[in-house]
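Take a look at this one; I'll ask things after.
Letters A, B, C and D mark the chains in the order given here, with residues in each chain numbered from 1 onward.
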């Protein structure tokens, strides 16, 4: 696929994700973490308009100057921004207008990409934009799940099996010997700045599970009183449990003496053999403590990755999201992408069933605050 | 008009109000006071389903039992309720489904109302339901204004002149002599329980303006530093000004050295001769203090009403919303209508350009918390 | 007693109230409503320094200019003020320094009051200052009770019987006939501006209890599920009950199967025949609704006062705190005393066992927000 | 010094720190981070009573069973605890009683420590208790500074020079070569569990300053607009600056065109050559970014420590507080000491002018949330 075809494929995929939605589903924002689908559609488009078309396409006419205000996100460099929690109050621009905006920007991108000579630096920004859009594809799915899964009617998103995965069975443990390892991105392909530099780390010997923790195991933790015993929890995790009355992963509902879970197919009985999902770092760490085990560090994860079965769930590590040795952020708005979030967040490794095809890799560093549950986050143990 | 025709007229009017909306506008709830238009449509329908059809129409089949959960409001007697601030997170039921719900309930109401004998008590509940729906028609308009008026694109709702009114000119003052007056509802028509009982009040002589305060006069208050001088304000009003950085009525925007106002026609220059609108009680009282005047009590307002030009704005009085002598609340859910709100709110009298035709009367007691601005609330002075 | 003797008696009484305290008790502020005793001592002194000595005593030298900043309260006219909730963070000036401040101001006041001619306007301000200090004597007692009654050691304040009162027995109901009554202050003695003007009110016939509601009766309300049934409560009262998990009046503790109450003598078994105390307006109104009765308005209370046994508890009325006809506030800082609080508060009438001797009268209008419990507030019914 | 002498020396030192205080200063808690001095005195005593005397001294009689409730802190294992933010509301037990408590526990400890055979495990707990008390000595000083430094009278704590230090001059940079280093505690003396295990880390070459950043350099950062330019800040740091209107380190006041600082000697002009103090991690990181430099990791700090001039300020590192390889927490209440805080906090290394003599060492890991300023925290750069 050439860059134009790649562009078209990624952009189309975003719209396919939205196909099952009602117009109303595009608009709401039940919690600050979740953005309205409409906003994701506009924001990813705004990225190409702002960083590609306005920079590189001669004679480009902005679709609507006010959209810069509505669809900007965390990029402080670019004008003022709408406060994030306000996104759910904006009924306009309408969904139809946002799709027009997409179509307009796509047509202009096609003009640009059909030009004979496309500069290296343009290719770099477009590639970043496509990876950025893939990240939003995943957020679209997690946010849609939150919106529908917190509606008292529990509407299904789709009856397809595409988010199902084989059961967790025959978990094994493998030994990784003590020694010096290299981690971080070292190739020539696309990667985020936070994966650099590739550097040496010294690891002690450790033993890591090849498979993720299952719902069955997690249910044992619940049933043995894990959410009632502070000894398994970080102090802030324990406060979080108490204040939010947490008793189970997100989307688990106890109804008529049974554990149910909201899935994209609607409300279902809990699948015991699936990998546990939608747990916070606090829950992952408490589960590990209850098992007399621990979570891997991100270096341990990466050193063992080739031997692990990964990609079903983002896996919480016990590593804080901090710069690698020699990390430096790019100049301009694009430099705001990663570095400024390197505080108070924990690294997740791997990928999930809602991660865009081909988007992740074994050096990929995802990150969220330790109390977040709405991503497809799971648990792998080190003993 | 017979009751069926009345029913049809009121119900149709609600839908006419929504005609200019995009589907997206039906869904959002920018602040807790504002309900999504979709919710108003469903809630008023739920009223007829719950208190009329389920009670009185033999063989009636509920449209969807879960709607009781979604569209119930403050009626604690009737099952559990959705927390009010959550209304803006519900993308489903869709707008289309809510209109189906309305059509279904209307068709059943038509069956009921075509039956030969319709009981007195049914008529009473339906009449209450129609007045209830008229109240929500006004809230629909005020809430739509808030939704569109807080969108950075400032979309217009309609270009019609129907909410315009003649300018305020030639305000005069009339004297009302000291003496014993009767206030409260004393007739045989429909009225709310809070208007009863009719009772005697003794009033001192007072002098009341026949016209409302204009934007021009209010602008003088602003320009003379009214929002910067605590002496005009209640202590809690002053805190409200400071905490919310209030400098003008709601929907006033100072742009490019000019005062603009958001109206149903979009953003316009301030109309100086219009009655000031969208002020809180705190602002009304501070303006009066600045003028060395005061607001009327509700008894003073009612005793003078016949000589006043009223109906453009709900007029803040300096009366707290409390029971009249001999007030008692009805049994059951309908008894929750008024009495339980009789604390911490101030009475407004009159009606406004968005009040449903024929809905108000001179004994009508509207009420809001003293910090609310989003209703069509204005100021009349007593000197 | 001449004015100097009155001054000395009131000032001494304030210090007598503090006699049983440890130095540590003077400093803390467990909730925003409660001020540290040290602050009351300083603030009442600051009143005389600011409004009397600095105005009228030639050559007066301020004790410490920074005290104006520390001990000012709600008087916005006079310089900037310490945020009220910060009062509990100020360890300095020390208690000893505050007593020096009192002694210094008292000595200067004695000089002023020994001068041959004391002007009418000085007498007026001093008399206001003494009444102001008496109000703070009551607050000192209620605040000390809160501080000690929320300490896990439940220390006693005093073993004296001076706050005990005879039991409530033989409650009777008397009829007050319909007619025109006069209420408000009409004499020549000291009174607050909010008691004016004396004016006519027309009352319907009503029947009022001569005695207050007892703990025994209130306990029945609790035991019959009064705090679990929303029907008895205002909507905001019900929210208050839910959010604060209220199940009884303030200072009631259920321990080892028994109801205990914290009193100035320490923790004791509940005295069933005492007048119920430390209830909010919401509780008073809910109790009345449960009894199928109501609270009196302030006009009803005053018209009947001569026939009532009052003075044990401040009695919640169903009247909002609003200006009387013809009310106008004084110029300057003293004008901030009452008028600016006339919103969102309810009137209490009577007086309590901790009210300063001779301070209250039957036209006296006390006022608090409807959720406050920490004053000596009780219930009288109208049926 | 034998253990008894050590015990007496540490305990006496705590009381010496409090010598300059007024009784009122012992009681207040202006923010949740700051504990009242009285509480520190009681809590450190409670440690010895609970973990030593009640365990090991036969026939020991508890001083007051309720003190367990008042002076317990984060030890969830031991009974219920007073909510931390409530500590500032407790006027009782009085300061005098707390000193009695100390004297009583000390006398019993002396009995225990005079017994012929003192068990190894007792020695271990006592040693932990003494290190614990030294940590609270430092907190006592930082909390006293906060209490007095937030009082509008700015009282001095002491006129002694003991917290002064030589100026920062001749800062140099040294190179540390790439290679494998060992960090963590490896000796036989006392250390905290979080310093273990000693382990290998691989470091790239880096260049580190031998001296701390001075007030002069930090002032340049301020004057060049550092607090107004988001590019230097973490996203959460920028929010912190905006929400709290931060414009300088804690205790810096701009008055009459001059920068002043509150010190233990009272308000003084800013000492430009002193090491900057009372900065948050966010400020330290932003300053480093402005300098085009960065903070060291804790491994880099430790590997270079022998060549650094440290001990004036706790030095923020860019390492999150997380377990070392092989870390495991002790059983029982003592195991709650460190591990449960290993989330959302950053490591500080070194020690400060208010750290107890001999308490710190080059493997010592201090930790605070990134927004905290009230400790003696400073900045060292890596370039």
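Annotations for the structure displayed:
Quick note on the criterion: a residue touches a chain if its C-beta (ideal position, glycine included) is under 8 Å from a C-beta of that chain, and two chains touch if they have at least 3 such contacts.
If you're wondering where the values come from, they're calculated on a predicted model, not measured in any experiment.
Between chain B and chain D, the least number of touching-chain steps is 2.
Residue numbering at the chain C/chain D interface overlaps substantially, since over half of the positions present are found in both copies. Averaging C-alpha coordinates per chain places the centre of chain A 57 Å away from that of chain C. Here the CA centre of chain C is 44 Å from the CA centre of chain D.
As a whole-number value, the distance joining the C-alpha centres of chain A and chain D reads 37 Å.
Residue numbers of chain C whose C-beta contacts span two or more other chains: none are found. Residues of chain A that touch chain B in their complex: 22-30, 38, 66, 69-70, 82, 86, 88-95, 147-148, 150-153, 155.
If you check the complex, the residues on chain B that touch chain C are 74, 76-77, 180, 199-204, 230-231, 233-238, 281-282, 285, 294, 318-320, 322-323, 325-326, 340-344, 346, 370.
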